[in-house]
Structure formats: C-alpha cells, structure tokens
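Report on the following structure.
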Amino acid sequence: MTRRHASPREVADVMVCALAAEIGDGDFVGVGLGTPLGLAAALLARATHAPGSALLAGGVFNADADLGAYLGGTRSLEGKALAFVSHFASMEMAERRTMTLQFLRPAQIDGAGNLNTSRIGPRAAPKVRFPGGLATADVVSLLPRVVAYHTDHRPRSLVERVDFVTGPGGRRHPAGGVSVLVTNLAVFDWGEEGVRLRSVHPWVEPRQVAEATGFRYRISEPVATTPCPDPQQLQALEQIDEAGIRVTEMPTMDLRMSSR
Amino acid sequence: MPVEKAAPAFPSFLRDRSVVAVGGIGLNRKPMSLIRALLATGIRRLGLVSFLGSVDVELMIAAGVVDCIHTAGTSLDGMGLAPRYRQARQRGHPRVVEWSEGALAAALEAGAFRLGSFPTAMSPRSEVLAVNPHLRVMPDPFTGEETVYAQAIIPDLALVQGSAVDAAGNLYIDGDPAIDVLIARAARYTIASALAVEERDPRTAAISRLWLDQVVVDPKGSWPTACFPGPLLDQEAVSAWGREGGGDPGRLGLT
Amino acid sequence: MRRDRTLSLADAVALVEDGSLVYFGGNVLRRKPMAFARALAASARSGLEVMAFTGSLEVELLVAAGVASVVSSTYVGLGRLGFAPVFRRAVEAGVVEDREYSEWTMLLGLRAAAMGLPFLPSRGGSGSQILEHLAIREVEDPYGGDRYLAVPPIRPDVAVIHAWRATASGEVQMAWPPEHLWDVDVVAAQAAKTCVVTVEQIVDRRVVAAQPHLTVLCGVDVDAVVEAPGGAWPTASPPRWEEDHRVILRYGASGDPDCLTEADR
C-alpha cells in the first residue's frame, strides 16, 4: 500500500503539517530569514489546531496575513500586524524564553543534532561557504525547542558528523538543542537515548531512509507513517499559500540557503 | 488582552514579599489608582521598585506594605523632600536600597533577559556600592578592569500609567516615557492604567500590547500626579502631604 | 547656531582610513548604503574590515574591488537568490578572512559599545564553533554563579546607514512601518566612532518636527549626513524605492559587479 511517488506539493504539504504538529496552543514561534516552510507551518497551526499560538516573523507579530504577504516584509503587512518588534526586543524574548520554538533549516545535521549553516570543508578555504547561520548559534541554546527541517534528505546533508558546528545539538548547553527534524522523507526526534526515526512519509520505505541517512538512529518497529494533511489542513493551506510558495522550496535542492 | 473599565485583577501568583515596579517619573504619571487597588488586596511586605519616586513611594510606605524600596531618587520635586521616604532612610525601615539610574536600568535589563546580572558603566568607586548589596565589583573578563555588576531585578508585577490605550491594547504616553517600557518587559505581569480609550496612530505607541497583560481605564488614575493631557499635578494635595510630614494615607486617596 | 553636519559623499568616504572597521547597515537587499559602498570601492582604501549584520551587494562590491580584507557578518547572500557569488568565491579561495558571527554576538557587541559597557552577557551561543574565532569569553555571574557568554564591545570606526530623510543637523527619520532590523542600524550608528547617514533627502527641521515619532537618531549621534537620492539602489529604500529586481537578478546570474554601477540604472 506504500506509494512510490509524491508530487512536490504533496511533499511540501506533509512537511508543513509535520512541522505544524510541533506547535502547541501555548507556543510562541519565532521565524527567521529563509525558512518559508516553517512560516507556513506556524500560519497553519494558528489557522487549525493551535489558534492560541503566537508568531513573530521578520519583526512582525501576529499579522492577519498569508505567506506571500509575510514574505513581502513589513511594508505589505501594515494594518494587518498587531505589533512590529525591534530585533533587540525579539532576541530578548528568546533570551528570557518567552519565545518557545523556532524552525531552522541547516545545510547539514548530524545524529547528535549539531547544525551546520556555515561551511563545508576547512575553515581557511572552505569547499562551500553558505550565506551564514544568522541566529542558529543563539537560538539552539536559548529556546526550549528548536525544530529543524531539510528538503533534500541524503547522506551529504544528514551526516555522521557536521563539518562545522554552527549550532550545537543537545546536552552541550542548558536548552535542549534540536528536538525534531522533518525532511522530505521522514521525521526524526531526539530524546534521552539519542536520535530516533519517528515516522516515514507515506510514499517512503524505511529502507530508503536508511540509505539516505549518514548518521545512525534508533527505530521502534513498526515504523509509523507520517500523517497526511486532513481536509481541514488542506483547505487552510490553500488559504495560507494560494500561490504555492511552499512548493518552490522543494525542487532541485543544491544546499543553497534561501531567504525572503 | 482585555481593556477593562473596571478595577484591575491582580495575578494569582502575587503574594506577600512580591516585587512590584512602578512606572512614571517624579510627580508625573504615577499609576496611583493601580497602587490604591493593590493596597486593597492586603498583600504586604512588598519590594518596591520606583526609578524616580514621589507620592507612589510615600503612599506605599504610609500604608505599611513595603519592606524594601529600590530607587534612584525619591522626593516631592519642587515641593521638597518626601517625608515618609526620608523617615525610612533615617530609621532604616522600610529598607531603602539606593541605585544610580544607570545601574537600576541595568538591573532591569538583566531581569528582562532573565540573567543573574548585567554589567554597568557605573564607577566602581561610587559610594553607592557601600549601601547597595545588589551592586558588586568584579573584573571584566576582557580588560580585567573593575566593573560594577548589577544584580537582576525581575518584578513580579509592573504598574504603569499612560495617557491613552487603543482598542488593541497599545499604550500611549504623552511626554517622557521614562523607563516604563523596560519595567514592562522585565516584569512577569504588567498592568497599565490609561486615562481613556482612543484610537491613535499605532506608530506612536509607547508600550506595545506585547508587554501588557491588562489595561484598565480610569480618567483620574494618576491623581494626584500629572498625566498629560488629563489631570494636572494636584499641588495642593502633594504640598499638604509634604508640609504635614505625610500622615493619613487617606490624603492620597486610600480608602 | 544649529550645527550643520552635511557632507558630500566624497568627503564622507574620506572619513574611512586604511584598515578601518566599517559597518554597513540595512537588511539583505533593503536599505543598503550602496552609493557609499560604490564610492568606497572606487577609493584607494585597503585592508578594511567590512561588517554587516546581514550583508549583500555592498559586501560584493567591496570584496570585488579588493578593499575588504575581512568580512564580518551573520549572513552574506542575495535573499531568495541564494549565494552572494563574489563573497562566496573569495572565502572559498581564502582571499578574504571570513569572520562569521551569530546574530546575538554581533548585536550584543554593538549594543555593549553603544552603551559604553565592557561586555554584555548572554546564555546563547555556547558550544558553537562560531565562537572560536570571536573574542568571546565566559563570565561568572557574581550573584548566582551561573556562567554566561560575555560578548565584548564592537566599536566600528565608521558606521554607514541609509535612511529616508534627515535634517542638516542629523536628526534621522525612517519610514513607517518599521523595517525588519531597523534597530540594528541604529545601535550600530550609536556604537561607531564615526557615524555617516546617507539619506534620500535632507529636509527642513519642520518636516521632522511634524512627525517626531519617526526619528530614530538624534544629531548628537551623527557625524555626517549625506544627501544621496536613490543611494540604496538597487536595494530597497523605503518609502521611496523597492528592490530593483531586474538588476539584482542580472547580478545574481552573472556575479558581475559592473551590473551594479550607476550607469545601468
């Protein structure tokens, strides 16, 4: 019964729903540059199961707006946002843990939950210098929960050991580090016993995940299947992102970081 | 966040020995109605933070609910010394902790960060250090120079007075906003009192609704202090308080 | 008499000395002081440390011209177009020194300098390899004994930001609604030894006084005001100009800094 194929839109929708499932009604979600799927997830959660959750994205607090307007920045949100927040104030919210959750999109992640958004190869002359980690190093040790996502699950992205630790995984600091990773194939989570495969997406075999993953992880049989969006979620996604911006993050991933 | 016309509802975690920070500056914009409502709860032995205090500090001392006062200065401005505060300093009770303005702001910044302390630009040779146990000297980790570290203050409750509030709950202050936004950010719970509900240009808001948990509307909330464009300073009431060395807190509206 | 802080672009660029730390304001493809960056790139300066919170085309110009030997940033890229090609190639070839900051380490460092403090503490950032090349130390809280990161002050020799308008005496206004990271520009301006503001227009003080809530910097924090209409092109300069996508796309595809010269406007 396992399907063999999913369209980019179906992949995006399952990922957005898996990310949104991490948001509870009491959460305050911060969304930074270059994580449109995380933004879509926060908007979806507010429109469905977590109407009480709060969202701060690009200095804009709880705007009544869709994904496109949010990505257009403050000028497209005037009259729709409840508040505009300075960057210092938003970082202060993270420092005192008013903000509870952020989505990050690393170029590499390893089994210890270390995130690399900086570079591949040696520091002096790297093979690839990514645009930069922004607040990655800060939020993993400030926020109660960090959820990572990656749209191109393969051994060079999910690695045994990251080339550079921009944001350290759990146990190296008081906050938990990354707690969940959502990819285009599966969902992993981190607990006391390390990283575990939580579920595979409906069109994916656990064997495919094993082949595409460079780090070791635990499995509890039988492996669960990531839920597909229900009709209410699909309808909400259509309203949040009629233009399908979330799908543009899917294709031909070349380790490139995007941003707004 | 509700904008209430009624009396404020204080958070359930507030109890004896809680720390309350009061906004305003000197004889301007003291949230006096909120203080009077707080006194009516019977909660006692409070820590009080008043950056630049006046009748707010006087009323709370006179009501006998304060154990400790943190301030960078308290007086009746042009109307002389604040009698109850002066008495407290001379008798040692309630205890007065003297701060410099910068160090008190740093303590509140540390509170807003939920860190234990913040460095300050204060001179390590200031004698304020001798009278304030919340200021300690340590070398800074880079140059080794002696640096004053202010211990964090996290108010359990902040009370602020504004000119107006809009329907969304943003607070507007006409005139000097002092450090009201800082105490609102640092506190666990913040209640504002506004003279009126008005729709204003939100870009001119002094304190965003993000930092406010409750707003009450009271056209006389600042009495006897001034709050533009509403009540002027009630000079008669304040100077009588100073002249007669304080006295009955009923003179400051306590019933 | 009220102080006149207006300078020509050339005179403002002359404030930058060889080896200076020069901070550029703005956020990725918005509010970048491009006119200043072009003039600086064309100057004979060398050995500059170019710092930007989130850099883009200004870093590209200065690296391409060889005047920058260090780039300090939390991000240098072209937003949705991805990599900034010149910066990426220069780092990968090892021809510029790459000092990556996290947002908090840069913002707290600038703020410590603006406040005249020896450092600012944070719980963030511990365990990140980013800290290895920054002068971050730990500090013990003298009260609870917790250990925090101590971010030292960052004091740029010159900070350049691009804003909407200003008086000749340096009261600077930004448009509403507030742009993302506007406050980082202001903190950097206050942290710097010399602050240069390029503006779309120098206006009479009565224009500023009519909307004082839009003022983000007072003249006392500003050393030079340069009238540079369109001075952020091809990045956005609210409320006047949106990003010039045609030029930015062409640059992203070609990586040719000649796309960014005024002649192509």
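So that you can tell them apart, the chains are marked A, B and C in the order they are listed, and the count of residues begins at 1 in each.
In the analysis below, a residue touches a chain if its C-beta (ideal position, glycine included) is under 8 Å from a C-beta of that chain, and two chains touch if they have at least 3 such contacts.
In this text, all values refer to a predicted model and were calculated from it rather than measured experimentally.
Looking at which two chains touch through the most C-beta pairs, you get A-C.
In this assembly, B is the chain whose CA centroid lies farthest from the centroid of subunit A.
Nearest to the common centre of all protein CA atoms is the CA centroid of chain C. Separating the centre of subunit B from that of subunit C, both taken as means of CA atoms, is a distance of 37 Å. With each centre defined as the average position of its C-alpha atoms, the distance from subunit A to subunit C rounds to 29 Å.
Spacing of subunit A relative to subunit B, judged by their CA centroids, is 41 angstrom. Residue positions of subunit B touching 2 or more other chains: 113, 115.
The set of subunit A residues touching two or more other chains comprises 89, 95. Residue positions of subunit C touching 2 or more other chains: 122-123, 176-178.
In the complex of the two chains, the subunit B residues touching subunit C come out as 110, 113, 115-121, 136, 138, 140-143, 145, 147, 149, 151-152, 201, 203-204. Against subunit B, the residues of subunit A that register as touching in their complex are 61, 82-83, 85, 89, 92, 95-97.
Per the touch definition, subunit C reaches subunit A in the complex via residues 28, 30, 54, 73-77, 79-80, 82-84, 87-88, 91-94, 98, 100, 102-105, 107, 111, 122-131, 133, 176-184, 187, 238-239. For subunit C in complex with subunit B, the touching residues are 115-123, 135, 137-144, 146, 148, 150, 152, 176-178, 213-214.
Those residues of subunit B whose C-beta lies close enough to touch subunit A in the complex are 112-115, 168, 170, 185, 208-210.
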